[in-house]
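One chain, chain A, appears in both complexes that follow, with chain B as partner in the first and chain C in the second.
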Partner chain A sequence: MSTLGLPIPYSRWRRTVQQYAGLVLNVFPPFIYLLLFFYAPMALLFVMSFWKSGYMELEPAFTLENYRAFLSNPTYRRIMWNTFVTVTGVMALLVVVGYPIAYFLARMVRRYDALLIYLLIIPVEINYLIRIYAWKIVLGRSGIINAALMYLGLIDEPLRFLLYSRTAVMIVLIHEWLPYVVIPVYVALKGVPQEIVEAARDLGAGRWDVFRYIYLPLSLPGLFASFILVYIPMLGEFAIPSIVGGPSGYMLGNVIESQFLAAGNWGLGSAIGFLLLFITLVLVAIVIKVTGLEELM
Partner chain B sequence: MTIREGLQHGKENGLAVEHLVKRFGPLVAVDDVSFSVAPGEFFSLLGPSGSGKTTTLRIIGGLTVPDEGEVYLGGERITYWPPEKRDVNIVFQNYALFPHLTVFENVAFGPRRRGWPERKIREEVTRFLKMVHLEGYEGKYPRQLSGGEKQRVALIRALIMHPKVLLLDEPLGALDLKIRQELQLELIRIQEEVGITFIYVTHDQGEALTMADRIAVMNRGKILQIGDPKTIYEQPVNRFVAHFIGNTNFFEGQVVKVEGGMALVDVPGLAQIWGVPVGEVRAGLPASVSVRPEKMYISRHPPKGGSFNVLQGIVEDMIYTGVSTEFIVRLPTGQQVRVFAQNISKDAEIWKITWDEKVWVYWRPDRSLVFVE
Partner chain C sequence: MWQRLRRASFWLGMYTAMVMAFIIYLPILLLIVFSFNDSKIMSLPWNGFTLRWYRIAFSREDLLHALFNSLWVAAVVTAVSLVLGIMAANGMAKYRYRGRSLFTGYIAIPVVMPWLLLGISLLLFFNVIKVPLSLFTVILSHISFDVPLVAVIVAARLHQFDPTLEEAARDLGAGPIETFRLVTLPIIAPAIVAAGIFAFSWSFDAFVVTHFVIGSQVTFPIWVWSALRYPKNLPVINAVSSIIVVVEILIVYLGERLRRGEGGGVLRSND
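Entry: the complex of A and B
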């Protein structure tokens, strides 16, 4: 407001409108898209999880019956436990396998690291389902692995646990998600300035110390990014267990899927989905707290 | 002490490098560099960017392995020792602080790798933080510090290791003038306090002149001259050093004759100028005469008596800086010369000089140097 009590000059007013118009035009379309097609359905499902629900029926109410039904069912509890064990195990294996690859690409390959990263990504560009079915050929009774082992005389009859098992789910999950672990860690390691490494060496750090005190802590944000990228979607995975998992590879994602598509119980499906989301958020919060990542971000 | 004796001395007690060569592809970054530094000395490697000074420093620090030559420290040959084994520490140009560690942890990084007891580490870190006036900064992260504060942390992070030699790679290069001057004085004070040998790389000749006991001037991988600041300034060994250190006026011409320890140079269209010959000056060779602005007189009248080199010109500009006035005088050839006059008295004759006035510029022949090359 001007001191003379005059209205805001036209030019300034126009500038303000232009600024806001720019902002609105830039931010609104994606925001509205997200609102309509992501947050609104999410909110609807969240509300539904408290409705009275059964086979092909859904009645607005407020009840915790769906949550109770899930948590009191021992089969569901076992599947939930199995899901977390499988996914946590796969995550650990992914770090064990992926971190050295990322370190190798970022710090030990001089020239062709971009090419090698691309080789890592190529499989991702093949259709998801085709890749899973391809694994059936590799892991099956008369698949490549069994055939090779039998030919070499190492086994007399095909290994059964290779397909339709939790092992199969884990193998395929690792293959599926490896690039998403390698790339964020690779980027974090690649971003460590050479000078900092030299400063550490200069101050008496040997090669192991440099890894322990420089590379490892500075790559934690990358590791955390890959945790978010990988762990959470893996918890909801249903295609891989339903194709290669068999009964013992059954995961929570399959339960949710069947509630929506087969059992027609949307209320229960929503309740399980939100329970999963809640547990995941708690896990993320714990990871942030324990690793002290706020300090790095 | 001869150079050979000096090297021997440096080899046994301080630091010495001998015939260092480092090539990067076709580029010879360091080309047969030798010098020695006495314990406790403040030694500066001075040169333009790309002159090989930083590579030389990195070789001493163990971050770069030389293709040829040796590095000696305290009587030991350390040429191929890894950096973590050397009793030498570096203050990096861009500080290279550990971004994920606090100020305390940054400074304690070296001592922890050496396995000092935690109590001693706490005491020493506190003592060094106090030395650079950073008490209370223990818990801050590098990103919360100003440039000057980061530089102080980088300095004590290296100093706390009590190295035999501290290598500083343009440590003040990224700071603004005022903080730079402040830290220059602080560095000199700290160096005297801790008594550690400093090797200070800079491209700022003023900084080298102010701070160093001795300076090595480098260009294109070679050391051109080693000496104390006064020698480097007053007796440069070639045109490059004269040009690089301080301000100077050059007159290009041809040597007419050399007699009585002086050389006469004919500057076409201007005059014949006497100067002290430097190196192999012979009649007929092309030559540059160098004379520094503060060695010249400026007057509205020609000099009376005495033997002077005398030039005439027109005052093109006058820059008053308080302690002195800089005159820019245009000569008949179009060349400009700079002349400094000290502001001794406000009534001096010199103050009557104004723009576009015809003036005489003159100096004693032994104040100018003649270079051939």
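Entry: the complex of A and C
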């Protein structure tokens, strides 16, 4: 502060006080708001998952009944398993489909990559229900795909597994989340300094070596970021399976939704919700620990 | 070598174009095309061009009411979220203090939380504190996911901001409020406008959270959700959706331009 050994002038001191006041004034309101309308409700979800359930209400008496009811029910267990299989499969497909696109945009497009990224972002901002519903026009029994295949004479009867199936859920999930995989990986790959690549080339590395030893490791933070951004929200999906999933596409999110809005068993709904929250937090913690992502934030 | 590279980039380019066309854009374009099809079912064959569905859409009062509700809810949510979000962004990026990364995590966590969990926990919460569900609870709920969104966008801009500019203003005698108004605000203005646009569109489009906390009221996404159950509504949904898609593309275009900081000229031309 006082580099010349002079006493700190009054104006500086006053400014420090003002800085602290500013900090408190800025931090406090959003802190309180989220405490009230985000963290308190989340805590309540946890507490109420141990409460006895009546119809559309809960009684404050400790019980493990909600968890037992969920875990002992083979239908719920199957749906939970299906949800994880679907979401994990979609995540893998997203990486396989999205990585080459991110690579292309980051390293092979000279001038128009920002425009192409913009083209990826636009659909994300279009109403979510509308986009899910739009897939019915593509996948339906008399939808575009079936019409095209029948016109070409490749099939005689419309393919039924396209809509109201797990296939449909997976296709729409890929549509919904692809930009969230491409963009973080694109940002990571875009940041790889050209000199490193050239140095490797000069030292005799082939294109595969450059990818394996430079691009891939340097894009891992982007991949982990997209994992957090995509895998976790996908676990809670319920609108996509309700609109295009049919009975075989049913996911954990549908069970939770129906417990709250149709069956009225809030205790069970809270227990499933909390299990999902718990798994979410564990996954985030693992990813952050394993990757040292916190240093990037 | 050179030729091989060119070939790889050509094929990757083709691949990117195909994925964008078929996985990202095909359903949206078909939705718009079929909104002009003169048929009650949205599939081939093409029965001729019509504007009938648009006419019906504009005469449906329940739909107009829902759109109106969504607009004013989003307006209130955006205003409050901007104030709280800018404060949070200041706490995340402007000051240096112990616990800053903790605060950043505290603000950012809601961004990755599944909306379903936010929806059910808010439903429980409003039930416990005995606030009846209405558009008011919808507004309170939307703010809690829009504040982190605004905070993250504005903080990203503040991180690039040179703090010595503010110190210089202070050294030249400006008070904290003057400094914010004359130095900080003009620099972060594009980020604020962009954050406002995104916050508005998140609130306007929010279905999952709204679904749980709205009670018997209707916003646009809730209207779509219930209309989807009746096949006779489908062409009307197509028409409304097409209008909204076009409007949203324009809005996002504007937001993106401003977020990238190219909009400085636009803002300046107004004063």
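By our rule, the second predicted complex is superposed on the first by the 263 of 297 C-alpha atoms of A that agree within 3 Å, B and C clash if a C-alpha of one lies under 4 Å from a C-alpha of the other, contacts with A are read in each partner's own complex, and residues count from 1 in each chain.
Please note the rule applied: contacts are C-beta pairs under 8 Å (C-beta built on N, C-alpha and C of every residue); 3 or more make two chains touch, one makes a residue touch a chain.
Nothing here was measured: the structure is a model prediction, and the numbers come from that model.
Trainee: Will chain C clash with chain B on chain A after the two structures are superposed, or do they fit?
Mentor: After superposition on chain A, chain B vs chain C: fit, no clash.
Trainee: Which partner chains sit in contact with A:T83 here, chain B, chain C, both or neither? Use first/second/both/neither.
Mentor: Touch status of A:T83: no partner.
Trainee: Applying the touch criterion given at the start, work out whether A:N265 contacts chain B, chain C, both or neither, answering first, second, both or neither.
Mentor: A:N265 contacts neither chain B nor chain C.
Trainee: Between chain B (first) and chain C (second), which does A:S165 come into contact with in this model arrangement: first, second, both, or neither?
Mentor: neither
Trainee: How wide is the angle at chain A between chain B and chain C, using CA centres, rounded to the nearest 10°?
Mentor: 90
Trainee: Tell me which partner A:P123 touches in the superposition: chain B (first), chain C (second), both or neither.
Mentor: A:P123 contacts chain C only, not chain B.
Trainee: So, A:G22: does it touch chain B (first), chain C (second), both, or neither?
Mentor: second
Trainee: Could you figure out whether chain B or chain C reaches more residues of chain A?
Mentor: The partner that reaches more residues of chain A in the superposed model: C.
Trainee: On the A-aligned overlay, A:S219 touches which partner chain: chain B = first, chain C = second, or both, or neither?
Mentor: Touch partners of A:S219: none, neither chain B nor chain C.
Trainee: Go through the superposed model and pick first if A:A199 touches only chain B, second if only chain C, both, or neither.
Mentor: Once the two structures are laid over each other on A, A:A199 reaches chain B alone.
Trainee: Between chain B and chain C, what is the shortest CA distance in the superposition, whole Å?
Mentor: 9
Trainee: Where on chain A do chain B and chain C both make contact?
Mentor: In chain A, nothing is touched by chain B and also by chain C.
Trainee: Note which residues of chain C are touching chain A in the complex, please.
Mentor: 5, 8-9, 12-13, 15-16, 19-20, 23-28, 30-31, 34, 41-44, 83-85, 87-88, 90-91, 94-95, 97, 101, 103-108, 110, 112-118, 120-125, 127-128, 140-141, 143-144, 147-148, 151, 170, 176, 198, 201, 205, 207-208, 211-212, 220-221, 224-225, 228, 237, 241, 244-245, 248-249, 251-253, 256, 260
Trainee: Quick check: in the complex, which residue numbers of chain B touch chain A?
Mentor: Answer in residue numbers: 61-63, 82-84, 88-90, 92, 94, 96-100, 109-110, 113-114, 141, 157-158, 161.
Trainee: So in the complex, which bits of chain A are touching chain B?
Mentor: Interface residues on the chain A side: 193, 195-196, 198-206, 209, 213-214, 217-218, 295-296.
Trainee: Quick check: in the complex, which residue numbers of chain A touch chain C?
Mentor: Going by the criterion above, the answer is residues 15, 18-19, 22-23, 25-27, 29-31, 33-34, 37-38, 40-42, 44-45, 48, 57-58, 97, 100-101, 103-105, 108-109, 114, 116, 118-123, 125-131, 133-138, 140, 142-144, 147, 171, 174-175, 178-179, 207, 228-229, 232-233, 235-239, 243, 253, 256-257, 260-261, 266, 269-270, 273, 276-277, 280, 284, 294, 297.
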